[in-house]
Each structure stands twice: as structure tokens, then as C-alpha cells.
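By letter and in written order, the chains are A, B, C and D; residue numbering begins at 1 in each of them.
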């Protein structure tokens, strides 16, 4: 019996959280994070003599909310999406960035918010397999044209981006998309447009799915993350990517509220967004920098012809504000539409 | 005896505390969340007090505007505005933007708040918006429960159906019931021959046969669902086998279909139907079918007049168990189902993590719980002894 | 007598293909007869009954019902009434539904069913219980319903498998009387299985004593009681003294035998000289010294049983049981006292010695 | 006879349906290729090697063992004590306690998960392993209580009196007589509790913080988020672990423990 109790105590202790821990930075994982570890994280740790650990997550900030509420903050610096950042900032999930440590003027327009410093850009655009279909749709209007471009299409499962695409396909100019989508008629128009393509549509959930489908020929044309497309093309896959169909946004570095390493975290963000380290990173991996000096550097642009920031002037910047205001409503309607 | 009673109570107490603190209270609290409406009165207490006293006609008194501007500004500064913005935006999309804009302008609204608020956004001059705020001043709201059955409070105060393109939950509940019923029926039908065959075997052989049922029963649901996920792939073994046998020419899309969900759910839940049916059939007096035969009953009459009615309690208990589990199912539809195969549970999960809306999560939970509770009570009424152990 | 209702011809049953649960069995049951299969458990009597009912298939041989071989006829077409060991009343049906079941199987119209159910309930004195469930009845009541159910479709042959085994003694005796009366009144043939010799004696026209799969002896209760053909039958039916004796020679129709204590007696029978077994019922031994067969024994103990006193006495190395009726001499004897006993020659019989043919 | 044959065939068919998908995972996990085909294009242990060298999977295995172990101990101790109290004491609210005990079993997991997620978030227990252990204890403790109560039902109270009449004080009587007799029941309940926690997924999905993935949670991530063929190897190992638990449970049942 006594041994039982001792074992119980030991196990409960093992289940209890560890107290002291290293500065922890969290991002989406994959090969990019491997490169970041080597080029960004480790030099910072060496230079400032701060032990640093990195972890990965699936861009679901639920656990971050929980750790803030539980006052058991185990992450310090996290790469987050814009709407999560904005909402998390309003709800006090993230610290405000200390702009005395991180120079705010180094970022592209829209590259900062109260709680976030621009990390990397990402976007989606139409792509297809050039061997199977040498001529593919170059605009969303053509994407909807099943006469000229027969075959199945794949869009992302969710209202965000999909509804913008539906309006763009219907001839709404890029600058007008969010104004139109904010009106009931605009919303009806977007869903009606989706209805018209529905028999030819599939919806993907994971970012790899559209590439698998296009690769196997299950789908002729799809929208997919441009970063993945660029990597596949660099690896020699015969994909065509239509930059005129780009919808893009930025991910941001943020500091979890209540982090015991707040000051070190701010310094880390300053390092992660500084010019020199990012140039280094761009040499080993195609990134879409939000730091203006790197993004606009002709040498970097020339060295990375598939860099998204080369094409942002042709794309639509996904509106964080719009989706915070209409996300719940439209996502629900989208789900209802999918369910019909 | 008294001392014994106290000692017994002390033995039970730790577990009782655990169950109350870590189950009963949380469940109760969550059900309360389904109707609780604390955001406005927490974030804007003075505004809420004025609104509660207001009779709802025309515009509220001047002080409501003043409190609103001041408290919104303070909430934004303290970063407490999120929950309220979300709550109001859920009821009427667009209110989040209005609140934020108003809160940011709070500094300029100190003088003549009423005029300046209306100047900032004409909606502040509309009685409808103020009535909406008043109804959100708590302490309870039917908002989430109504929305969970595709209803809402209209601007005039009455209950109305939501727009057709937003209606989703009634279909969802019907679909959940339908899938659960279908899975239950299939489980019962498939379980019967297994249980009957095992019960007809001699005890030793039956014990081995039972192990064949217990192996899947003990195997993790995730492992089993993963197995189905792999089997049903486009390039997966099932399609490959069907093509090799010449049944189909091109691989079928199986993942993301109702077929996949039902097949995997039946697979996961079948042991729950087999085990009670077997237990009852095993206990069945073998003399009874013999008696029926001696009284002139042929095989068919023996099955329908004796075997079936006598094994019914076990079959029905298994069926009830399958139904109760199936109604709340989450993993299997999430992994092998498509958007048209999701059940209530996946929407609860959606509102818990993807789009946090605890009121909706709680309202859907409340309805789901009511559904399972009704099913359990029905099973209890139909089957004396259900839920009680022999 | 007409052709037998039931005829077993060389029937055997083996479950494992090697040992026989029923050795080659030949048995004929006459019309209207009450025949009991008596034996200890595992002696093959229930297996025999189950083969007749059709629940077990014979390994070889033929079973004839009213002259027809029924080996391949399924149980529900044999038309036999069966009363099972634990009644086997359908727990999900009321008493009336249980009784109605065989009638429905025979597609008897509803009105007639109701009438026959009422009559059957009256026969077993269970009027007023029609709507009860079996679980709401006492054991005796369940037994009556089971009896009524087996009789309600007027089978010519009823099989009863230890039907009273689960009841207490008083109830058992009461029901024995009822079964006997029913048999007399309905004239139905009954094949009855029991391990209770008293029950067999009380009910049967004839008894077949089973032992290890074969019939040890078949006869009327009196024959079996008075003239057991083997030590097993002698010991199984009632209490018996089995005393090893030495046959000395013939004296007319009698044999002179030497008892273990050296005394000699006269016994009817035809055993050759040599060792034999003397069978002597305890109640046939009387106090006193009359007739040719006198015993001089030593009292080992006495037990007062009310209507009789049971003595245990030593006769040389052998021990004898003696039952003295109430009021007879020989009461109040103490341990170690001598007592004179006697018995008429026709009260005893001789059997082959144990272990011998 | 044909009816019996048909019945046997139908039963065999259903059993095949029950077992085949699970058994199909075995060869798939040994496949040499990325594409999961039956029979595989070649055999190799590469996915097992990948599994055992993956920090995520190892962490998940460690978390699973820690949580299931702690759950088993907590549920075992609390459940056994409560069962003793329920059996030997004449408690006024016995029916209510039993109903409260059964509630977590019949409540849909997603509802329990939602309730605990909200409550634990407020109490600061969400995202802690301790919170996970508490949640798992709630859903597995009923099995311990049932198993111990079942073994106590077969316990003859005269034995306790006999022990006391032979000079054993109550504590000794309990330790020497009651405990050995209910030990198989306690062990069976513990095995069931361990298995329940080890397999639990939905509560973990919502309550586990980052770095607290258990094996089922990691499998879910590998199937749903990013397909990773390593999952077949993980599924096989988890399956084998379940089989060990099944064997333990069967062995205990034959010794008189077990539920039902």
C-alpha cells in the first residue's frame, strides 16, 4: 500500500507542469522551421547566450488561450495568422509589441499590428499540371469556365478566400471585393456563383490535398498555397501557377501574454525580422519576407523568381477586419451551404 | 451502525468530491453557459444598469450614451472588449466593427455623447440597436438555444426562423438521429447471428469466439478508424481489390462519403451490440426451444415466438447502447466523413476550438444531452432492467 | 394388448463415438401404461427420453412411435407432450399464452383455444391464474401449468423428465397423487424419468431400472421390490440388508445358507452351493424366535423414528438394519444387549455374490 | 441443420468484418513504399524505424503512459475505497451516488469534453497533464467501482465475522480476508481504467495542451492534419498494447475478477 501511494505521488508529480523552462518559439514546422532553427534561432541563442527551444503547432490558438487563462504559459514567441492575432490582441492573449525594441518602420505596409510583427507572407492561387492541361485558367472567371476548361476544380473548405474568389470570378474588381461581400446581395451573389460551379467542385482541408489531387489527375485545376507550389516547381514538378489569381496575407510573430521571458521574446522578434538574418534565410529557402528591405531588394527578387512578394501588387490582400466582422456568420453559412 | 455509516461515507467521499467537482459542476456550469448572457453586464456594467431600467421605447436616456462611450473606451484600453464584441457580432454581424470604432473614438465622445455617437455612426440613433443591447444585458438569453434549432429573436421581439441559407441545425439534428438509427439497426442485425452462433457453441469454444469480438472491442477507436481511413483510400486496398476483381473500372471516392462513416461506425460499435445480446442468449434456458418444439413449433415459429422475444432484452440493451454512443459520435465522421456527414458533435467541437463560441457549444451540448437522455429514458421505460445490472 | 405405443429397437447413443451413454436398448411401452425410467444420474434414462422426444439422435437402432420409425422426424412433428425438468415455461408469456402456444401451432381456432385453456386450467386447478407470468407463480403452480401445457393438445404419449425434482417433499407427494389421478382419468401413456425410487414405486405400472446405459431390470414395482434381479436393484429400491452367505445345499424349494455368525437359515431360490448374497428387507425382520430363520444379534444402536424404531444390530462381522413397527417388542434396548430376531423364509432372496456373475 | 450452417456462416462473415480491417493494418505497417497497397510492394521496417526515431511519437507514448498510469492509480484507489463504502455501509443516497457514477459513461464524450474544457479553462487546469488525469479518472473510475462491487457481491460477510471470531482485529480481518478476495476485481478494474485512459481521445483533444499529445491524439493529427504513413506502425503498436490489456483482463476474469 505504501509503495502504491509513493507511486501515485510520483506519477502525479510527473503529470504536473515543469517550472523553469527555456525561451520557446513556436511555428508551423516542416523544412522551413528546420532552416529557421539553423539560420535564425541558433545564432540568436549563441549571440545573446539565451537558451532557446523551438516547437511546432497547427495554427490553432485554442491551446494558447488555455495556457494564458491557466497562467501556465509554456510558449513565448508564436507565429500566428492575422485574424487570430487581431482577436487575440483584443482579448489580451498576446502582449503588445515593444516598438522600442522592434523597429516598426522596417515592415511592409500592413506588416504590423499592435501585438504582431510581420513574419512571412503566404497566399493561395490557381495552379495545375502543365503536362495534363497545358492551357489552364489564368483568372477566376476562366476558373469558372467549364466549357473552355473542362475538369474538376478544388477550392479550400471554408468561407474565407473562397467567397472572395467567387466574387472575383463574377467580375467584381479586386478593390471592391470586400465592400461587395459586406452586403447581403454580395453574399448571395458569391454563394450563387459557388452554386453554379458546385457539380465540378471539391474542397480540400489540408494544404497538401490539392497538390495530391492535381498530381493524381483527380482534379484538373485547384487553388493551393503558393509556397507549396513554388517548392514543388523548384523540385521539378511541371506545375503552372497563376499569379494573377493570388490572395495573400501575412503571418506575424507575437508574444504570448504572461510570458516569463517577455523581454527576451521582444529581442528575439527584433532578430527574426531583421534584415541580415532574413537575407541568410532567403538564401537557403524561398521565403516571402515582410521586412521591406529584404522584400524589395532586387537581388533577392531576382534570385527568387517565385517569391510571392514579387506579385503582391497583382493580388488581393485578405482582409483581417472583414473576416473578424463577418467570419462567424459567413463560415456558418458556408457550412450550411456545404451541408445542402 | 452509525459509526459504520460515517466510515462508509468517508470512504465514498473522495470519489464523490472528484465526480462533483470534475464532472457534475462542470456539466451544470456548461448547461448554464447555454443560456447565460454575462458579456454586456460584465464589460459595460453601468450601461447595462441604465438599459435594464429603460422601458425600451424610443432611445434610452442620455446617460446610457455617456456610460457606453466611457465603458467601451475603458474596455478597449484594458483589452476586455473581445468577448462582448464577439457576443454581439454573433447576434448581428457588423456590431463588432461598430463597437471597436466607437471604443477607439471614446476619447472624443465625452462631450455631448449622444450627438457625437449618432454622428459617428447613425446606427446609434436607432432604437432597434439599443433594444438589442438591452436584451443582451442579461442575465439570461435564449439566443443560443434558439439558434441551435435555426430560430432567432426578430427585431420586433418575436421568435422567427433564420434565413433559409443560414439554416443548418435542424438538418444536422435530423441527420445525427438518422445516422445513429441506421448504425444501430445495422449493428443489431449484424450482432444477432454472431451472438446466437456463439451462444449455441459449447462454453469453451464460445469463450474463444468471444475473444474474436473482444479483440476489436479493446482496440483503440483511433486505431480502428485509422484502419478504415487507410482501407478506403483512392489508392487503398479496398479499391485495388475491387478493381482486381473486375467489380469497378476506376477507383471510387470512398473517403468523405456516408458509406464510409456508416461502415466505420458500425465496425466500431458492433461489439457493444454483440456482447449484451450474447450474455442474454447464453443465459437462455436451452429447454425453452425444446419445449416449443415438443409443443409443435417448427424452426421459424421457435425463432419468432421463443428465441427472439427471449433474447430481446439483450438485443435491445445492446441497441440502446449503440444508439447512445452513436448519437454523440465525433471521431469517425471527422476522419472518414465528408461535410455532409458531420454530426452534432463535430459542431460542438467546431464551436469549442475553431470558432470559439461557448454559448453555441453549450446550447448544442444541451440539446444533444437532452436527446441522449430521452433515448436512455425511453430504453429504460421499454426495457425494465435496462441500466441496472443483474 | 395392441401394438406398443413406443418401441426402442437396439437403440444406442454415444456422444464421443467410443463410450456408450445408452447401450443397445430394447423397450416397448404399451398403450395407456405408466412406465418409469429409474436410475441414478448419468445412467442414460434422460438421454433415452430425449431421443424419444427427438432432441437427441440415436447413434444406431430404431425408435418406433405407434409402429412408425421416427428417427428422422423432427421434435415438433412427433406430437408428444413433454414436461421438462425445470418446467421450461416461456417466461415472456402469461400462463394462458403458454397454454395457447401448442394450440396455435396446431392452428386451432381462437374460440376453441380459449375453451381448451379454461378446461386445462381447471384440470390442474389453476383457474384464475391465466394472466400471471411464470415468474409470479410458486414452484408447484408452475409445475401444474407445465403439466397442463403438455396435456392441452391431447397427446397420446406424455414424457416427463424429473418433473417434481425441484419441489419440496410435501408438494412432491401431493403432485404425485394428481399426476396419478390424471393418468387414470385421461388414459394417456406416460413415460416418466426420475431418480427417486419412492416416486417410481408410487406412480408406475412398470419400472425400468437403468444403470450405466442399460436396463438392469424391468418389471412392476412389486416385482422389483420383492424380487430384485441384482444387488444394484435391491439397493436402489428401498432400504435393504445385503448379507454375504454361504449356500450349503438344497432343502426342497429352499436353500440352506450359513450366516456370517455361523448360524444357518432357509431361503427360497436356486443358487448353487457356494458364496451368495442374502437380500433381506429391514421391515421383514421381526422380534422373537419363530419359524426356521432365527437370528441372535447384538444391539449396536437404536433410533426412534415415530412410527417405527430403527435398530442397528451386529450379526457376527456383519451389520444389519432392522425396522420395528411402533409398539412392537424390542424397544428400550441398550447397546450391547442381545436380541432374538426372526424372519419368514419367503421374505428373503438370494443373489449372486458381489463381483460374481 | 442448414439453418445452423447459415447462422454459422453469417456469424463468421460478421466476425471477418470485425477483424479484417484491424488485421489489414499489420502488413501495411511493414510496407516498403509510401503508397499503402495490399499486398505491399515490398517489406521493410522503415515506418517502425521512423516511429521510434520521431520525437513527437515518443513524447506521445510517454504522455500516454504517464496519464494512463496516473489515472489508473487515482481511479483504482478512489474507486476501490468508494466501492467498499458503498458495499459495507448503508448510505442514504446510494442510488444517487451510483447514478452520478454512471453519468460520465452515458454522457456523450463530446459533451463531457465541452464541459470540462470550459471548467478547466476557468480553473487553470486546461493544458495541464494533471487536468487530463482528472478528466480521464472521471470516465474510467466507474469501471473500477463496478468491478470491485462485483467482486464484493460474491463476498460472504460471514468470512469477516469468522476472521474476527478467530481473533483478527477489523483492520487485520480486512487486510487478510477482504483484500485478497477482491484483489482480482480491483486489478480488473485497474486494467479497464488503464485501457480507457490509454484509448481516450476526445477529452484529450480539447484538454491536452501543446506538448501533451497522447498516442490517440497524435494518430488523429497524423491522419487528419498531415498524412504520415508512420501512423500504421503506431496503430499496430497501440493495437498490440491493447491486446496485452485484453489478455490481462481475460486472465483476471477467469480468476473471478472482471466486469459483467
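We adopt the following convention: contacts are C-beta pairs under 8 Å (C-beta built on N, C-alpha and C of every residue); 3 or more make two chains touch, one makes a residue touch a chain.
All values reported here derive from a predicted model rather than from experimental measurement.
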By label, the chains that touch chain A as well as chain D are B
I need the chain pair with the most C-beta contacts, please. B-D
Farthest chain from chain D, going by the mean of C-alpha atoms per chain? C
Distance-to-centre winner among chains (Cα means, whole assembly as reference): D
Using mean CA coordinates as chain centres, what's the gap between chain A and chain C in Å? 92
Averaging only over C-alpha atoms, locate the centres of chain C and chain D and give their separation in whole Å. 57
I'd like the Å distance between the centres of chain A and chain B, where a centre is the mean of that chain's Cα atoms. 31
Measuring centre to centre with CA averages, how many angstrom lie between chain B and chain D? 23
Please output the residue numbers of chain B that touch at least 2 other chains, ranges allowed. 235, 352-353
Residues in chain A with touches to at least two other chains are numbered 62, 65
So which chains actually touch one another? I want all the pairs, not just one. A-B, A-D, B-C, B-D
Residues of chain D defined as touching chain A within the complex: 66-67, 69-70, 73-74, 77, 120-122, 124-130, 132-133, 206, 209-211, 221, 224-227
Per the contact definition, I'd like the list of chain B residues that touch chain D in the complex. 1, 4-5, 7-12, 14-16, 18-20, 22-27, 29-30, 33, 190-191, 193-194, 196-198, 200, 209, 211-216, 218-231, 233, 235-237, 240-241, 267, 270-271, 275, 279, 299, 324-325, 327-328, 330-331, 334-335, 344-345, 348-349, 352-353, 358, 361-362, 365, 368-369, 372, 376, 387, 389
Contacting residues of chain A [partner chain D, same complex]: 4, 7-8, 11-12, 14-17, 26, 55, 57-58, 62-63, 65-67, 69-72, 74-75, 205-206, 208
Within their complex, chain D touches chain B through residues 3-4, 7-8, 10-11, 14-15, 17-19, 21-22, 24-25, 28, 35-38, 78-79, 81-82, 84-86, 88-91, 97, 100-104, 106-120, 134-135, 137-138, 141, 145-146, 195, 198-199, 201-202, 205-206, 215-216, 219-220, 223-224, 231-232, 235, 238-239, 242-243, 245-246, 249-250, 260
Footprint of chain C on chain B - complex, ascending: 285, 287-288, 290-298, 301-302, 305-306, 309-310, 312
